[in-house]
């Protein structure tokens, strides 16, 4: 649907995001030794993912507005379709970043993954949540002049529960997490991301006009 | 409510569209652009004219549903039944200078995309037909962004009529057009005014002469 | 009239906090723990304001009357005031009890986040000029923030560590006088909040009519 065409077009967005992710991770790597406690690694991973998301995903709607194609979309497509397309696109973008970061993290920082399945699930769920909320919040600020400034401000409170849960959940998948306690974190993450996805789709039309 | 291919027609066919505006006003902050516009119109050609800045584009956008009036009501009815918002996209075609197609795709890709997104199955032959009709056949494989403004205008018109809309809105359709282009636009308008409703916004009075109804907007700076 | 009642009521509550209540057992600095009589109700009001705002957001999206959007925004403004108060009183208490103005306790953090949400809401509103869009976007944001807050306040503390003395209060170690004082204080603060709300709404309505005139009210669909 919409996302196919989006991906065709936005190689530039992909580059920007990847560049950011890689440079930040590399910078971090050069400064620190190996042998980190799990929770630090988990936090770092998600922080870099989050900042990459904020810088890379917010621009999608802005670009549409600027190049004047947004109205054409409004005229032709169902709001939910536009939202779904953007979310999928964000997700694809984010997953690329996540995979690269995870690989880099493992290779360069010697992060040790105890439970691959859980690790993957957590990364996926977190990405879904971030992709959805970025789509909706991006649409909210797309028309305003201060949008690049405003986006992180409004994104943070919404993303915070996601980040906290995700960090905890990833932590439990690395090395030595306490299993019982952090089943909860994973469930919380999945449920919250699910809520974000649903709310984004439902409320998109109000934000889109 | 969710996206589905429910409207698998190739065109919307003949429907009677009635357009009604009651007391429509629009202000952007302190600037009042439209003031108490009242209008009732059915089949044929409606010309909206006035000098630059008189609100023609805004009016068309309000009819299309891109913009909400500050006051008043806009009623678009199909066969006497009020059109729900989601259906508007199927019965309305809109071409305007400030609405663009996607730069990174070719004309054909753009057309296919917008047809798909509207949920309509429009065959390749129909697309080609439209492209030929509007005289952009030789440029179909170029990216939209590379085209000249005249060609872009033709392409936009193509996207506006692709799904045979019973309500066609054209904002300054003759802009950027060479002689041949003007002919094409004219024939399009003639065809659609017979099939359904066409609303044209223009600054040139001459274009408004042959209209069934005209609406003149004064300049309100 | 109401104001006088409220004023007296609060004076009563305040004096009770200092004179009537015995020092709170189980806290390190029993005398200054009295501040929870102010702290907890403020936090409660801040939370209530948020819920009220969310409620009006839903009503606005359903019925599209500007009045509901104004109510939603007013609730946010007032919620902000009380949230800040709650934070300040909370910090004072924290300093006395645990020797630090700030710790990473989830309840504290969620209050900060609430303040951030309010601030972001206002920034969002300020950045959009078009009334209808401003209202829609604000409403959606509040509704988005709702699950975020719910998760932060209720669910996340379960999976992380918490300093908040919820046990002490819920197990009734404080004694009945405190319960009474807390309840009374809560009522008082709610009263003040409601009063501030009505003033804010009066201001909003006055501005609205000044801008739109009486037609504004009639044109609300």
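We just call them A, B and C in the order they show up, numbering each chain from 1.
Everything that follows uses one rule, which is that a residue touches a chain if its C-beta (ideal position, glycine included) is under 8 Å from a C-beta of that chain, and two chains touch if they have at least 3 such contacts.
Computed from a predicted model, the values in this text were never measured in an experiment.
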Geometric centre: closest chain by C-alpha means: A
Farthest chain relative to chain A (centres taken as mean CA coordinates): B
Of A-C and A-B, pair with higher C-beta contact tally: A-C
Whole-Å separation of chain centres (CA-atom averages), chain B against chain C: 49
Centre distance in Å when chain A and chain B are each reduced to the mean of their C-alpha atoms: 37
Separation of chain A from chain C, taking each centre as the mean of its C-alpha atoms, in whole Å: 31
Multi-chain contact residues (two or more partners), chain A: 209
Residues of chain B touching at least two other chains: 68
Interface residues, chain C side, partner chain A - complex: 61, 113, 116-117, 119-120, 123-124, 127-128, 133, 136-137, 139-141, 143-145, 147-148, 151-152, 155-156, 158-160
Complex contacts: residues of chain C adjacent to chain B: 129-132, 215-216, 219, 221
Residue ranges of chain A in contact with chain C within the complex: 133, 136-137, 140-141, 143-147, 150, 153-154, 156-158, 160-161, 164-165, 168, 181-182, 184-185, 188, 192, 195-196, 199, 203, 206-207, 209
Contact footprint of chain A on chain B as seen in their complex: 1-3, 64-66, 68, 86, 89, 92, 94, 96, 98-105, 109, 113-114, 116-119, 159
Touching residues (chain side chain A, partner chain B) in the complex: 1-2, 5, 8-9, 67-69, 71-78, 80-81, 84, 209
